[in-house]
Amino acid sequence: MQLLTPEGELASHETYSLTLTDAEYKLLYREMVFVRRLDQEATALQRQGQLGLWASSLGQEAAQVGSAFALEKNDFAFPTYRDHGVAWMRGVDPMKIMQVYRGVSNGGWDPFEHRCNTYTIVIGNQVLNGVGYAMGLTLDQSEDAVITYFGDGATAQGDVHEGFVFASTFDAPVVFFCQNNQWAISQPSEKFVKSPIYKRADGFGFPGVLVDGNDILAVIAVTRAALERARSGAGPTLIEAFTYRMAAHTTSDDPTRYRHENDLQNWKLKDPIERLKVMLARNGIADRSFFDAVGAEADTWGETLRASVRSMPEPPPESIFDHVYTEKHAVLDGQRAAFIDYHEGFADSGVH
Amino acid sequence: MQLLTPEGELASHETYSLTLTDAEYKLLYREMVFVRRLDQEATALQRQGQLGLWASSLGQEAAQVGSAFALEKNDFAFPTYRDHGVAWMRGVDPMKIMQVYRGVSNGGWDPFEHRCNTYTIVIGNQVLNGVGYAMGLTLDQSEDAVITYFGDGATAQGDVHEGFVFASTFDAPVVFFCQNNQWAISQPSEKFVKSPIYKRADGFGFPGVLVDGNDILAVIAVTRAALERARSGAGPTLIEAFTYRMAAHTTSDDPTRYRHENDLQNWKLKDPIERLKVMLARNGIADRSFFDAVGAEADTWGETLRASVRSMPEPPPESIFDHVYTEKHAVLDGQRAAFIDYHEGFADSGVH
Amino acid sequence: MTTELTMAKALNLALRTAMEADNKVILFGEDIGKLGGVFRVTDGLHKDFGEHRVIDSPLAESGIVGTAIGLAMRGYRPVLEIQFDGFVFPGFDQIISQLAKVHRRTHGSVKLPITIRIPYGGGIGAVEHHSESPEAFFAHIPGLRVLTPSDPQSAYSCLLSAIRSDDPVIFFEPKRRYWDKGVVDQTQAIAAPWQARILRAGSDVSVVAYGPMVKTALQAADASEYSLEIIDLQSLSPIDDKSIAESVARTGRLVIVHEAPGTLGLGAEIAARIGKSCFYNLVAPIERVTGYDIPYPPSKLEEYYLPDHDRILFAVDSVMEA
Amino acid sequence: MTTELTMAKALNLALRTAMEADNKVILFGEDIGKLGGVFRVTDGLHKDFGEHRVIDSPLAESGIVGTAIGLAMRGYRPVLEIQFDGFVFPGFDQIISQLAKVHRRTHGSVKLPITIRIPYGGGIGAVEHHSESPEAFFAHIPGLRVLTPSDPQSAYSCLLSAIRSDDPVIFFEPKRRYWDKGVVDQTQAIAAPWQARILRAGSDVSVVAYGPMVKTALQAADASEYSLEIIDLQSLSPIDDKSIAESVARTGRLVIVHEAPGTLGLGAEIAARIGKSCFYNLVAPIERVTGYDIPYPPSKLEEYYLPDHDRILFAVDSVMEA
């Protein structure tokens, strides 16, 4: 399903259509530019030793920004470690994302504040958590919906399928959003996915849709439709957003060991941001000056980001004992006390 | 898919057909009668306290006997705790099945002797084990195949789906044989299965087939076809055998709490054994005297079974330490020695 | 007000009480609706509270735990039933990687007040996977609390406390004691359950047991020529070693009893802590009376695996004779 | 013949050696083929042995373990790689309910010679789930053996022994020591690995460590004013408490070190056993230097969680001053 060709031409589709205001089109462009900039800054910061690791979203901006753009304020998103465009669109402060990859926090933000869960690293876990939240929405007769993200590699995990079963059983208002970026670290998806991912939904009793994941307009259209279906009580939808992981799996990965440069080149031609940019220009929605302004804005923003990451405060040592339990815990409280004594001991004795 | 109607009339089908010798038809009848008798004897023995538990195969004889009949000697079966007809057809001594439900052994037989795994109780586990064995067959370029059994309830488990993924990835020669007996303890399958089970295969890249599980001829035909496909290297097939659990889940279950008598009555009319019997009679393959002879044979056989169960020897206490490890194990060997000392101590002191 | 109840009925009453007190409390698990669970602990609740509060789940434990986490994020207090001890493991990943870590990961903004009820232990002549004692796995996981009652009263009180706790609680029910009767005082509901109880005072040997073994330990106390102090641990995480240490300070001797395999069972941690805190009080080595380091045996042989009062007395004698 | 190798290369060499010796040995896991595993332990083996011996698996740990069991039933000796410690849990059910029990269940007719390699432990500045020490879960499971090497030589010898064992072996690789170099004598391959090694003789305090903590313990021995006997456990199941007891009989003091949370960690079992067997030898309480009972902290704070040589010296002082 496609509404915007790689050449930036608007296409029409029998079931799906989307019309946005010029302001919205421009906003989408701006958001994608910032998400890409965030990714570039983080990648650079990791190289400079400012972050421990980074999982790049390069090339997946349309899938992430578009699907999250389709969400209402009260909808809830369950992202993975790579879905920076989703966190961004939910209003999560990028510095909080940096905290996770700098090793300052394992979560970074309050999921309720942005109705966006913290990143889930264990492949597939968040799919069940998201389905459960959606089951709660049904119990509450709420009009809200859930979107849960996962990758092509995750389609091998039991949890993802159990998520399908529970969602269809309870007609949970959830959208399963699979970004098929064609790689699970070194493994090409065609190796383990013998039938298109979106087709898997049918066997569980709900619809599956394939969408061009680099076409932000198409992504928004299908995600909106799926969310509407969920709100109406009709149950889940599986969306396969076909895209490409343009960077390494993470900054510690070396893709030259398992994939060819030319793949990358082909996909550069399908770049989601370029595609929208051409459309905006061709249809006179935005011009050079706008693109330059956004670029300049991103530059200054990037600078401040770099600075704040470098000066990010470290949490106090004894905070490792915080929030393990909500209530008093005799054993752990004792360990915390001993920990503080021990380190004060060193402080006094000047050792360390 | 049906080749024998509930009324015992032979039906034809565009893709599937089956012709057996009269001897084979009669054999199938006999096997089903004996499997049912085994089930009846075990149920009675449990009531008399001779078995700790029994999971009844009543009503599923055609699905179990038929699918196992389709296997070659070197094929490997991975049954569940309910698949007595499968174990029977693989030549497992019924006394060894009794051992498991009497609490004398957790396995009972040597899986290699009959190329039939011991019963798996943890729902779904055996599906992955069977797929792995099939992957080994591929590595060995063997012509053998695997059949792995599971129920409708099991289609909610992650392991079953991971089995689908691994099998399709490696084109493993495995047949997924799901007996949809419409109940998972107290849960009707329609509650969790929102699309027919056999349709799930398509989303994983292999074919799924629905078969009348009470029609032994149809079951044989589809299972043979699936096994041939597997041998040819074309990969797995999912078979949904639609049947009915005519007894309680196990002897400790009380179905009156959750299902109606009349369901049971309807399914009595679809009885797999009656159906074949009518066909045999109508087509002059077997007559009254044959049926009586089989019945009489089963009677005497049942008596000896009852007797041998009652006189089943108990394993020696210290055998609880056997076969935990294949090699010496300092800690456990020490525990075994202490165990023997301890109990000899009582023997001497006359206590206990 | 007090009543005589079986442990199963006491648990049922606790569930009912919790559900009446807070409509966010929901029950979720396999066959817990019309059937009332395979042990009937949820009997009648589906009828009285409806299918939106007593929810039959699909047959998938990772799914049960994983979706319960989402339900809790939505504000519910799910009480899960795992059908048997041996079937909790498909849900182990969600328990250790999410359930136990989410509160910490989110700096306290997400609470997961989830109770996972698990019938455990042997002695009922069951088939494989239906008689295991996996409590040590959970007591080793930071972020979880683990409780196990020993009689109808503690079943009632501890389950209410588990459901009211904002921390995830793994609640192990000694299935072979489900049918034992005892007096239940419903006003004891709020008793803090994270402490051990001294069920019988004694001067010679401190005997620590929990769950199904408490009754066995009490039988041993009746039969012993020595004066045994019987301590019901109740809370397996945190372990209330303070109460144990106070007792051992008096008796100088300790015997620990549980069904689970000895190696890295609860007895190991208790022995390690008391061996340190009571180093100068102990007059004899600490004895552990536990299951052996083997898979649970077929039921005809389980009596040889399970600690019984003879094995406890044997250990008591050895610490007395040390 | 001996060579200087990093631990990662020593493990690679052990795999190569095992695969050359027995063509039933196959490697199976995520990204172990062309990529050579995220730590490159299988580097080059895909190229040299082909995709039928070094098999990239789908991304599903239950699937990896569950199918490996079937492969073993077919006569293979699968060596599995779990990518990181925190990702073994989706496979936990297959490990505990099948892998550990099949041999026993089938009265010995089925053997499952499967080795599960798991890089574990912290200290590499990783994100969540990449620094855990779950060894105690597996050491509590009857039917499994658990090994962990501490240097290139033990890595080479123990991995070969694990692969040659007909029992399932969980093989924990101390990831932060992957890049440490050491001399490897390939003739030591057949050394029985189920025993602890005394790496340094000492007379004041016995210090038991394993995996990543062995190097830390040796550093402490260098820095200590006392004479420390450093024992490398190597085998976590079975635990070779005999060797430890012999050492403690000499020193009268014991300190146990590991990264895993203290409660129900290996230290608990060792302390319980030695507290009993050396009851009359111990002149001071047994000290445990372990991770705290918390989820592994974010990497910027891991240095405060991980036992270091200062914490070991602190414990040594306390047992000396007791």
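Chains here go by letter, A, B, C and D, matching the order in which they are written, and residues are numbered from 1 within each.
Keep in mind that, in the parts below, a residue touches a chain if its C-beta (ideal position, glycine included) is under 8 Å from a C-beta of that chain, and two chains touch if they have at least 3 such contacts.
None of these values were measured; they are calculated from a predicted model.
Ranked by distance of CA centroids from chain A, the top chain is B.
Spacing of chain B relative to chain D, judged by their CA centroids, is 40 angstrom. One simple way to say how far apart two chains are is to compare their mean CA positions; for chain B and chain C this gives 35 Å. Inter-chain centre distance (chain C to chain D, centres taken as mean C-alpha positions): 30 Å. Contact of a single residue of chain B with at least two other chains is seen at positions 105-106, 122, 156-159, 162, 165, 169, 191-192, 324, 331-332. Along chain C, residues 58, 60, 62-63, 86, 89-90, 93, 97, 101, 104-105, 128-129, 142-143, 239, 263, 292-295 each make contact with two or more other chains. Chain contacts in this assembly form a complete graph, since each chain touches every other chain. Within the complex formed with chain D, the residues of chain C that make contact are 62, 86, 89-90, 92-93, 96-97, 100-101, 104-105, 128-129, 136-137, 139-140, 142-143, 237, 239, 261, 263-269, 271-272, 275-277, 279, 282, 284-288, 292-295, 322. Across the complex, chain B meets chain A through its residues 155-159, 161-162, 165, 168-169, 191-195, 199-206. Only residues 105-107, 109-113, 117-118, 120, 122, 125, 127-137, 139-140, 158-159, 162-163, 165-166, 169, 322-327, 329-332 of chain A touch chain C when the two sit together in their complex. Chain D meets chain B in the complex at residues 26, 52, 57-58, 60, 62-63, 65-76, 90, 93-94, 97-98, 101, 103-111, 142-143, 145, 165-167, 194, 238-240, 242.
Across the complex, chain B is touched by residues 30-31, 33-36, 38, 56, 58-60, 62-63, 86-87, 89-90, 125-129, 263, 292-295, 297-302, 304-305, 310-311, 314 of chain C.
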